[in-house]
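In structure tokens below, several structures.
There are two complexes below, and they share subunit A, which is joined by subunit B in the first and by subunit C in the second.
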Partner chain A sequence: MMTEKEIYDIPQEKFRFINLDDTLHDEKFSGEALGFFKDAWVRLRRNRVAILAMSMILFIVFMSIFAPMFSGYGYNDQNLNRLNMPPRVPGLEKIGIFDGSKTVNSVRKTSLSDPEKFPEGSVIEILREYTIKDVEMVDVKVNAYIYEGIGDEYFLMGTDYLGRDLWTRLWRGARISLIIAIVAVSANIFIGVVYGAVAGYYGGTTDIIMMRITEIIAAFPQVIVATLLILVLGTGIEAIILALVINGWIGTAKLVRGQFLRFKEREYVLAARTLGVPDKKLIFRHILPNSIGPVITRAMISVPNAIFSESFLAFIGLGLQAPEPSIGVLLSDAQKVLLTYPTQTLFPAILISVLLISFNLFGNGLRDAFDPTMRGTD
Partner chain B sequence: MKKYMIGRVIAACVALFLILTIAFMVVRLMPGSVYDDPNLAPEVVAMLEQQAHLDEPLLVQYAYFLKGVIFENDWGVSAKVEPGVPAFDILKRQIPYSLTINVGSLALALPIGIVAGTVAALHKNKAGDHVVSILVVLGISIPSFVFASCLQYFIAYKMGWFPIIFEPSKGTGMQIYSLMLPTIALSLSPIATIARYLRGELIEVLGSEFMVLARTKGLTQRQATIRHSFRNASLPLVNIVIPMFAHVLAGSMVIERIFSIPGVGGTLISSINTNDYSLAVATLIFYALISVLTSFVIDIVLGLIDPRVRLGGSSK
Partner chain C sequence: MKTTRKLLALLLAGVMTASLLAGCSSSPSTSSSGSGSSSGETVEGEKIFRRSTLQQATNMNPHQGGDAGSIEVSDYVQAKLYRVVYNEDKTASVPGPELAASEPTTEDGYTWTIKLDPNAKWANGEPITADDFMYSWEMALNPQLANTTTSGLAKNHIQVENAYEYYMQLSTGVPVEWEDVGFKKVDDLTLTVTTSEKYSARDVMYHFCMRYTGPVYKEMYEAGMDANRTSTTYGTSAEEYMSSGPFKLDTWVKGTEVTMSKNENYCHADEIILDGMTVRTVPDENTQIQLFQNGEIDYLSLGTNGLEVFGEDPRTQEYPSTTLRSIQINTENPDKPYLGNLNFKKALYYGINREELANALNYIPAAYFLPTPYVAYSDGTLFRDIPEANAYIPENNGYDPDLAKELFDKALEETGVDKVSITVIYSETVPALRTASEYIQNELTQLFGADRFELKLQSMAQSALLDIMRSSQSGPTNTWDLGWSAWDLTAAQLYPNRKFEPYTSTDSRRFAPYNSPELDALYAESISEECRLDEKKRIEVTMEMEKLVIDNVLEIPVYQQQAYVIHSDRCILPSDVRVNTIGWGWAYMDIDLTK
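Moving on to the complex of A and B:
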């Protein structure tokens, strides 16, 4: 028998390697290990719908940054000579779509030959001829650009009731709607993650108190909170963002708290704590990454909600201060003239629909990519 | 159960009281006075303000307000929107219109959503499912006011099948007829939500073992679905249908504006824009009341359905 001292004092030479010449029967890992995001990306790439949605979002973001710069018109260039112009698109006008035409009703037939009223080349088609009290009247389709004497301009989406170029305003509006949505969602996610993490990690009384607070805040209906807040702060970007944040973070907080309750009792957390890892590091380095997938997915799904809420507020008269456009402001203005100038509603409506659909589809794709077990449950 | 219900009632009352207080304070602290008309003599303004207790300290005003609301059902008198008419009467006149389109849209959404969801679940990953999925994405993504504009332009204006805006004067039948388009516009998002939710639930239930048992004991797929899986799948629907009510009510503010319906939403907007304090507070409280009531109903219903909720299972 060796004494304890002898065990510690075994000289170096007495050690020798064994098994050095044996063959290992383990299989070698083939291929490289995939990280969390890479793994998700591989799965996302296979989802054609999600990729299409992502391209659509990127396209809209790109256009909202650059289109206003290169349109040649300012978003607030008012011009009373060109009110409510119809859209006119080079190329498409040759086949009769968006050719800048509008209908002028009830004019005397004789006035058609008067170049003062109808400049040369402005009349495209006579739609209807009739007589009222022996006067020959006509409804004519005219090229509004020649008719109004604007000439060789192209307003791709027409102009609004103050003669502002709607193409420029639409993309600038998209930019502002996106900024509002992204800032609001980032703030929501940040507050929600920290709040939920603390509540979930510490549990007990802390958790109960923190969750009671969220319950009280959640009891306030969002529309009411937003209305009151904007009444107090005025209709600026900040007020709208704050209105979206004030009870928007609660969902994220609950989600993150749930994840923490699930993971904080796991063995690896216990192991890390035994090794003396401080709370802060345990929370953010070891447990939080588990919820990164659901949180990103939630952020993606919240963006369309924020865009919707912003438009909604604009519709009930709590939108941005004029002349700044947002998609909601544009839709709300256009609604007033829907029956006379439907194209003014058409373009913002298409843009907001495409944007929201894309974000929802991309969010679904992300969720499937992060958590394949959720696939198909929708 | 009794203890749980009492707790919920107290919570709902506290929430309502808080909302009442905050709404009152915020609306009163807003810049501008109801009576800032330059044509009014200062003495008249002072008299009017005295009548409405506006010259007293805020806390005293609040006490007057609470006393009126709780004991006399007095919500104040509208000063600008409809001068001299009690706010309560204005709301009482308008609530039916708002409720009609809201309840109507949910009544429309439930059967359609349930059928669509069931079809999708039974034909999982086949054509029927794909069609429903596309419609669901459209219904959930596209805002109700875009739908409303489309319906108003194409169905009402171009086709002429429905009145373009609300027709108040031509009798009840015409009123209901002109409320149909807004109801449809409002119902699309609930339809999509219900269909999506039910599809998920049904697929889960259809794959469970008691369904295999039901089939083994000789039921056809149809019988088994209707008798066994359907009931299981529709219980959680309560969870999403009741909150939908508050949601739809908020959404209807915009729809009411688009179709010129004299509902509560329009009043809220105009009372805010004209500094009509009493009316604004009354309208806000109406919305808050609905919202608090719905969450109260959800709590109670869930407590009835699922014992874990009322026993206060703290962790999920």
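Moving on to the complex of A and C:
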């Protein structure tokens, strides 16, 4: 080992230049450079459930835009000759599901031979024979399309109480529900972010007053607010969106305020302030981006809540202006005939379930993806 | 982490499917087979008629609770001086004595003497005397008690001297003594009623058939009175009510069930065969259907679902209801002067294909104002069966698209408007109204063209709807354009001219600004003494009124409801047909216990 002195005493001629002909480079990063969103995307992509949920949402959005255009029926095309038709799907009908058959209860046996009531070929099978008051009665399974005399049409999900195509109405309803949800959630996020940011950044008395106001607003039960609004404004998209916005933004405001309380004392904020950055820029440029992850996640989780609230309001009769459908309106109409035409409830119920589960799972995926503690772990 | 999530997703999906299936399968097997269903093992047993209602009973006090649920029960436990009974062949109803011993007698047509049946008793066996009636009537009209339904005691089929003035004295400020009111006790079993105009015995009997003219039990009525004597709890529970009718109120669980048993002390108890009656509150049609199918109730009123389930069932009976749905027009809307244009109103009237709509709803198309069950003459002739009463109704149920279009063009020209944009309001509680509104919206838009005609739909709560429509009583308002309404006046079933009372320009119940002096004059004529005593003349004036109302389109009648009902096999009804004001005669029915 050389002593300290010896190191200092190395003669100059023992040194020589190296790499004189090469260009020096920084060491290359072994991985890819990852931005915030890209990093989140990488993690989201590995979450197969979230990706499935996302594709489901995209599919529903796609269908709600295009299905009503190509169905061949308008959402308000009434025809009183084809009320409450059962579903009939080309292809599937051959294997016996959704083949346009329905059960007609309590038919007098003599009516079966009356071609006015039961046209040739309409009866598929007799399900039950019995007598009431000495009259022979039957329950029969019929092909409703021949029975009603509308021949070769295919209503994929059947028709409703005014003979309107439910396939068209379902996707149109999904469209309206999604529009309501997205507009309401965007408004909530906007109000909540600005409100929460101001309260959190300024703190002190401002914060106390602003937070007490939110507590007062949060104390109004949503159903009552919605009912009153609809009484005043009448039913319609605007009233429902307003009802969802009135106290829907409070959660976001609290979340953003919390983030601000966390970040506003950080050194980089102090540095920026020292350099004379104005409050507005500090709030929106320097602090707010830190809370973008939780806010996006919250938005995703609010969408199904908004859809569900809209359906709930429609279900208790505070729905849209007829004839406009929404998933809630369709469900509300269908449950009135649940026992007689169960398929009318089935399809909107499946759609809303899939939509809610997808949004929730996707929201969960996003939350994990945006979680800063998971950054770079995989 | 990921596996747990996947598992959770799977689990969730599984639970959802399971709950869906469970929901499907459990419904038919929820209720065990009913007590009275089939297989004739016991012929001995109680003859109980079981039915269900959509609305619950709220108050048995005859002075209160004019709601359908209360009336449905009250009719069986509350006796009156007179009642409606079957005529000889049981096809129509006639008034007859209930607690009274005989028809009222008079010498001048103004002062009527009514004798009480000496057998008239409360359910506890105490006799019902003239004092009971005097007390009950005094309380009914008591201005402090603010009874909601009793102004009819003062004036309905007859007008009792000074009674209305006594009832209204707090708001008019003119004090009236009870001694001056035309109700007097002569002795324990005799009452006199003095009327302010001349009437017939039929009028007097129908007047005292009304529920609110019946007696109340003084002891309980007083016991339930509050300190200020402004309200009483009489009739709000089974313990605070004394029955006097064919049945007595045994138990009453609010919102759930009312049970009644035969009242042995009823003065016509020999006419009652049933041992009792139960009325269950079931606010959902589908549940009612299942109860009926399980043999737990004996009577079912069929809605759209019921018709689908029972189809051609031979037990199904139908009858025209007195409910006629029509669209009111706010003719004085300052923002939309075309609403007052006669051609525009006519265009709406002629533009509605009532027949197609009514078929879809299983109802009756109505281009007229007086529904089919209204009785014209005392022999039971129905108003709509009179040929002259149909001569002025436009053909094809008032549907004439070409004429409607022509009228619409003319209306636009006259008012100088390019596009009509109106909103129709309807009550959310009646599903058929939405169907009808959506149908009319679609139809009229196609007929008149979407570029010139826009109809928006607005549903709201019934009370809000009435408030908004009636706001036009206090002057022109732009709060509404068109609105659905229905008038079902009990009095009009026997006196069809009374139907037009709410259309006169000062009536407090009117929906729209009708302001038709001709109608006011005709209505005044129809209730004049001459018309009261001459029913031919009265009906002639009634026809004139209906013609006037159709020609001027005071409102747009659309459909008359049709009722479909089904009784179980056990029921032996007194008459095969449903009779106006008696209904199916359940009080007099029998139950076949072998079925």
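Note that in this section the second predicted complex is superposed on the first by the 322 of 378 C-alpha atoms of A that agree within 3 Å, B and C clash if a C-alpha of one lies under 4 Å from a C-alpha of the other, contacts with A are read in each partner's own complex, and residues count from 1 in each chain.
In this text, contacts are C-beta pairs under 8 Å (C-beta built on N, C-alpha and C of every residue); 3 or more make two chains touch, one makes a residue touch a chain.
What you are looking at is a predicted structure, and each value in this text was computed from that prediction instead of being measured.
J.: Contacts for A:Ile357 in the overlay, against subunit B (first) and subunit C (second): which applies, first, second, both or neither?
T.: both
J.: So, does A:Ser186 touch the first partner subunit B, the second partner subunit C, both, or neither?
T.: Neither partner.
J.: Quick one: is A:Asn290 in contact with subunit B, with subunit C, with both, or with neither? Answer first, second, both or neither.
T.: neither
J.: State whether A:Gly317 touches subunit B only (first), subunit C only (second), both chains, or neither.
T.: In the superposed model, A:Gly317 contacts both subunit B and subunit C.
J.: Quick check on the superposed pair: does A:Phe220 touch subunit B, subunit C, both, or neither? Answer first, second, both or neither.
T.: first
J.: Using the touch definition from the top, say if A:Thr235 reaches subunit B (first), subunit C (second), both or neither.
T.: After superposition on chain A, A:Thr235 lies in contact with subunit C alone.
J.: For A:Leu339, using the defined touch cut-off, is the partner it touches subunit B, subunit C, both, or neither? Pick first, second, both or neither.
T.: A:Leu339 contacts both subunit B and subunit C.
J.: Output the subunit A positions appearing in both contact lists, the one against subunit B and the one against subunit C.
T.: 231, 317, 338-339, 342, 349, 353, 357, 361
J.: Please name which positions on subunit B make contact with subunit A in the complex.
T.: My answer: residues 11, 14-15, 18-19, 22-23, 26-27, 29-30, 124-125, 133, 136-138, 140-143, 145-146, 149-150, 152-153, 157, 164, 196, 199-200, 203-204, 246, 250-251, 253-254, 257-258, 265, 268-269, 272-273, 284, 287-288, 290-292, 295, 314-316.
J.: Of all residues in subunit A, which touch subunit C in the complex?
T.: That would be residues 47-49, 76, 78, 80, 83, 104-108, 111, 132-133, 135, 137, 161-162, 231, 234-235, 317, 319, 321-323, 336-340, 342, 349, 353, 357, 361, 364 of subunit A.
J.: Any idea which subunit A residues touch subunit B in the complex?
T.: The contact residues of subunit A facing subunit B are 207-208, 215-216, 219-224, 227-228, 231-232, 258, 261, 304, 308, 311-312, 315-318, 331, 335, 338-339, 342, 345, 349, 352-353, 356-357, 359-361, 376-378.
J.: Where on subunit C does subunit A make contact in their complex?
T.: Interface residues on the subunit C side: 2, 5-6, 9, 12-13, 16, 20, 24, 27, 286, 289, 304-305, 308-315, 356-357, 359-360, 428, 431, 434-435, 437-439, 441-442, 456-461, 464, 569.
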